[in-house]
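Each chain carries a letter (A, B and C) given by its place in the written order, and its residues are counted from 1.
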Amino acid sequence: MNDHVVGREGSTPRVLERAGSEMHQFIQDLFPICRSITGNGNRETLRRIGQRIPLEVHEVPSGTPVLDWTVPKEWNVRDAYIKDGSGRRVVDFQASNLHLVSYSVPFSGTMPLAELRHHLFTLPEQPDWTPYRTSYYEESWGFCLADRELGILEDGTYEVCVDTSLHDGHLTLGEYLLEGQIEDEVLISCHICHPSLANDNLSGIAVATWLADSLARRADRRFSYRFLFIPGTIGSITWLALNEEKTKRIKHGLTVACVGDIGSFTYKKSRRGDAEIDRAAIQVLHHSGFDHKVVDFSPYGYDERQYCSPGFNLPVGCISRTPHGKYREYHTSADNLDLVTPKALGESLSVSLSIIDLLEGNATYANTNPKGEPQLGRRGLYPSVGGKDLEVEQFALLWVLNLSDTHHSLLDIAEISGLDFPLVRQAADRLLQHGLLEACPTEEKLSADGRIQADIDQGRP
Amino acid sequence: MNDHVVGREGSTPRVLERAGSEMHQFIQDLFPICRSITGNGNRETLRRIGQRIPLEVHEVPSGTPVLDWTVPKEWNVRDAYIKDGSGRRVVDFQASNLHLVSYSVPFSGTMPLAELRHHLFTLPEQPDWTPYRTSYYEESWGFCLADRELGILEDGTYEVCVDTSLHDGHLTLGEYLLEGQIEDEVLISCHICHPSLANDNLSGIAVATWLADSLARRADRRFSYRFLFIPGTIGSITWLALNEEKTKRIKHGLTVACVGDIGSFTYKKSRRGDAEIDRAAIQVLHHSGFDHKVVDFSPYGYDERQYCSPGFNLPVGCISRTPHGKYREYHTSADNLDLVTPKALGESLSVSLSIIDLLEGNATYANTNPKGEPQLGRRGLYPSVGGKDLEVEQFALLWVLNLSDTHHSLLDIAEISGLDFPLVRQAADRLLQHGLLEACPTEEKLSADGRIQADIDQGRP
Amino acid sequence: MNDHVVGREGSTPRVLERAGSEMHQFIQDLFPICRSITGNGNRETLRRIGQRIPLEVHEVPSGTPVLDWTVPKEWNVRDAYIKDGSGRRVVDFQASNLHLVSYSVPFSGTMPLAELRHHLFTLPEQPDWTPYRTSYYEESWGFCLADRELGILEDGTYEVCVDTSLHDGHLTLGEYLLEGQIEDEVLISCHICHPSLANDNLSGIAVATWLADSLARRADRRFSYRFLFIPGTIGSITWLALNEEKTKRIKHGLTVACVGDIGSFTYKKSRRGDAEIDRAAIQVLHHSGFDHKVVDFSPYGYDERQYCSPGFNLPVGCISRTPHGKYREYHTSADNLDLVTPKALGESLSVSLSIIDLLEGNATYANTNPKGEPQLGRRGLYPSVGGKDLEVEQFALLWVLNLSDTHHSLLDIAEISGLDFPLVRQAADRLLQHGLLEACPTEEKLSADGRIQADIDQGRP
């Protein structure tokens, strides 16, 4: 991919800027492709992702039962247009794939405008924008266009051509498993089912691809990472149906969507609400300096809906900038290459990597000198001239020592102390070097909620 | 009673207005009767309630030991007045029963004003209002009058007549048990011990009577409903003493008091603080559009004091508009027929019915397709053309599916989703029709606090 | 000591004022003494405390291993100065013991100003103040002076004399155990290791001494009280190392520091965060009428750092006015006799005593008539004429009755009711007198968090 590494310890602005530009270029390349929930556009998208990371592509036959659903027929488009009496294409799939309602069935014929109108979708409140519409599960056809374009169509007879195919074929899924030291997995999932929409699908594809590439360059990954590039809803349902056993390995997860606009960050919590991924994302955003908000889980949005369905209840949150449906350009032709910026993409990559760094670095230790403070001064960890205030690095040492009682993870300590996680992790490393901390054998038994109060129950004889 | 039904699904303004007017008329009829904690005035009040609902009247003999108390002597009044030297009644029970201190013992004699003053009560800060005073448990006599009336009394000798009787008789309780499909009961309790006070006692009597009538007209009550029309404190203590076994059936309860004034609603929580009745009342008020406040339990107020004493600790809250002691007219002659309005009474009835509707409709279900979302589209539960935002009814379906994991009741789901309970109930009904939900056999084991977080502990292997 | 008693039931302003003046005088007497973590200055300080309370003095030899530390050499100063070319003492320990860096090793010699500067400490941002510096664990010497004084020193050669001794000797601890009816202890700890600093160390010493004297005059102490007068950090570490078994008796504790300035009160919670001492301090400050804030535990400050290290995790908070490091004069010559006031000292003593009164008075009872309210009227506990509002004393009776279900302590009841603890305690006493409460045998099993909600789980069959 590139010769730089977007690294663990926070990347320099220049590196992020370059990654942002490359991601924007990648989005530009993918933009014209006609994606949907199935079809050759999805294959082409996955092929190009596969040029950057070693993607495995799965083809699942139409008709395969998947949970409560069935893999649909495969849909492809050769051409689609509406011609006026003079033979001019007044609505043309070649100009923009948004003009054709996704999953339109083949049709060819002529009809007066009055009848044609039943098949036309516009956005009267945004007269210059073409809406994005789908009809996956009802066999029909339709076109989308700008309301202003509809307004100038004259009465008369129009020729309609929907040269599509809808036949038994396959649903195409992209998957990349990057193995780490342990089998426990972090799931990164993005949807690839939208045609020429830049923020809604392509931004997530780009950030997930660059994330995968960055993590692949690390030798010392603790977790395994599973990247899914899949059509929304039916894609995750299909993957879950075919891989139910593997879901037990997923300890943390993120769906990545709408991460290219300049809006502030939004983290949507997993259904559990206090999973480690939720706390990690909140901690990172809180210290990131970026405007952000955290919203509770709701059963609407992207594939976290499926991962967080009650039968799976996986700890999967969603990272976005302006979330779906909350920006004006959502599901319109205005969600284009201007809406996403290299800077925003770079920041989204950086925040996502910081969340992963936190998950990688989180651990629970036992203070080896739990009675009283150990004498830091003779170990060179404390200033020798007293009387002045301490530096933040020294506070971090004191916090980690005080709370490393086998009941508080480093993330707990960051939350309680208010210190940025990397400072806490660094303090733990220094204390480990001096033998003042040791690994905690019972780490996996800890409660998710490691408030100080917890050890009233557990830490006292 | 009336030919309309104040129905389950929210009543039309006109129906509520009519019910409000009828309740106000009923209050007007009951207003002149001299009620106290015992006596013929209470019997007459219960007789008139009994003309509207099939009330059972219990007579408990004076001297009966009831918990830490003893049923007092019965008190009745034939006449009471103070005459001046000219023989004019300057304070007259016939003009208003508030003039006589309740439970005044018989007395007859003459005395100078200076001595009489020790038996007179006024409200100097409200010189035109007569206060309401009682002396149930100390044998004495007294009169209440407006401070301005006291001010114009001239020195001289006055004739006092307190023609009352205080003898072994009975305490009179009114009770109506409306049986439902299950033995579990909802308790509705109001006090009937105040003489001519409209908001404080009569408003509660009216709303409880109309509630009983409305519920009696329903064929499909799940709960049984127990209505108590009783004197405050000694009435509930007597009922509890004689019916201790029955208290185990009470799963929810409300005292109803001061519900006729135009002040905003007040819900006072049960001692438990998070009983289902508390959450139901808060949920209903929150979505009612009415101004309201929720206050914590305190061991002062109406009969919830007794129901929530530590040995019973029943889940009984109190619904009021302006609560006792918080409106200027409280326990004065200004708590009269002008203070209560048909509109306020209608609203109070409506809110109370909505709380009961919620209790009736609350249940816990299991999603029969818990893995992934079920395909709502092919069941006609989801729009077939994608791309637009969902309607609130569809959000309700998604919420109910996502949280129906046997750990969340519909009330939990309403609280977490922010949706109004009837929408959630309706969504559950649609899902039940399509076999997407099933009854949850362990419903009674659920914790009162059904936060999403709960299933981290319970819902994971 | 004095013939007045700063008593249990809140002291009169005059008594507090007199105690404040006496404490200020005591601080004045102790001010000139050169204290450090060891040495004769500490012995003299303890001797003078011992004139007021029967202090036990422990001498712990240098070199004794104490937890992760070693008792340091003993340090004493005969003289220390810097003379200019004319023989004038330009920096003189005799003028203020702050001029010598604490634990400066012996040195004698001459050197040019440029070289001398490496041993001089000033506060450029406060040019008239001398800073306070220590070098306990690195052998070096140095002087502190006002930046303005340094500015006028002329180039040239200076004579330096540090006539100190640093040799195997002892660390000196002061301890006073005041026995009570039970072995459970309240720990009161203050540091004695600062030279001429009035608020930082002397104010705590004075308040702790007066507290001890006040408690010693009480015949009916429930708890035992252990007072420690010790050098910061090494003192508590030494005491903990030598008395580990005794720490199990410590049920509540306070470090007392910086309690003489006129700033608002600060209570720093114990590491547990909801220990009874934390709740007691918050309750007292809340009702005290004094401005105050409550801060969470942090592993920095005074000896609570050691008491709250994870291996001990004792319930020890810290009571201060403006906390260490938060006032400009902290660790400078401006922390002098003007910074501390008799009024502030008196208030600090009063608040500390109120916290102890609460701990002494807290208990959990069972209502002997838990079903319904007992009839308070016939016991003279309730007004006989009804209709008016109750007094706060009667509310307190109702609250104590309602919540005395063996699951709520009086502190719980004060917190839930919003009533001041002494009112709640008084109500309990009246109810005990009338047999309406009885001691609760399972008191020690109660949870620290006695919210009403607690008895949903525990108090129901």
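By definition in this document, a contact is a pair of C-beta atoms (placed from the backbone, for glycine too) under 8 Å apart; a residue touches a chain by one contact, two chains touch by 3 or more.
Keep in mind that what you see is a predicted model, and the values were worked out from it rather than measured.
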Ask   = Once the Cα atoms of subunit A and subunit B are superposed, what angle does the rotation have, between 0 and 180 degrees and to the nearest 5?
value = 120
Inquiry  = Given that subunit A and subunit C are copies of one sequence and touch, is their interface built from the same residue numbers on both sides (over half shared) or different ones?
reply    = different
Remark   = Separation of the C-alpha centres, subunit A versus subunit C, in whole Å, is 52
Shared interface positions of subunit A, touching two or more other chains = none
Request  = Report the residues of subunit C in contact with subunit A in the complex, numbered from low to high.
outcome  = 67-69, 101-102, 131-138, 140, 142, 233, 236-237, 240-241, 244, 271-275, 296-300, 305-306, 308-313, 325, 331, 448
Task = Mind listing the subunit A positions that touch subunit C in their complex?
result = 367, 369-375, 377-378, 384-390, 395, 398-399, 401-405, 416-417, 451-453, 455-456, 459-460
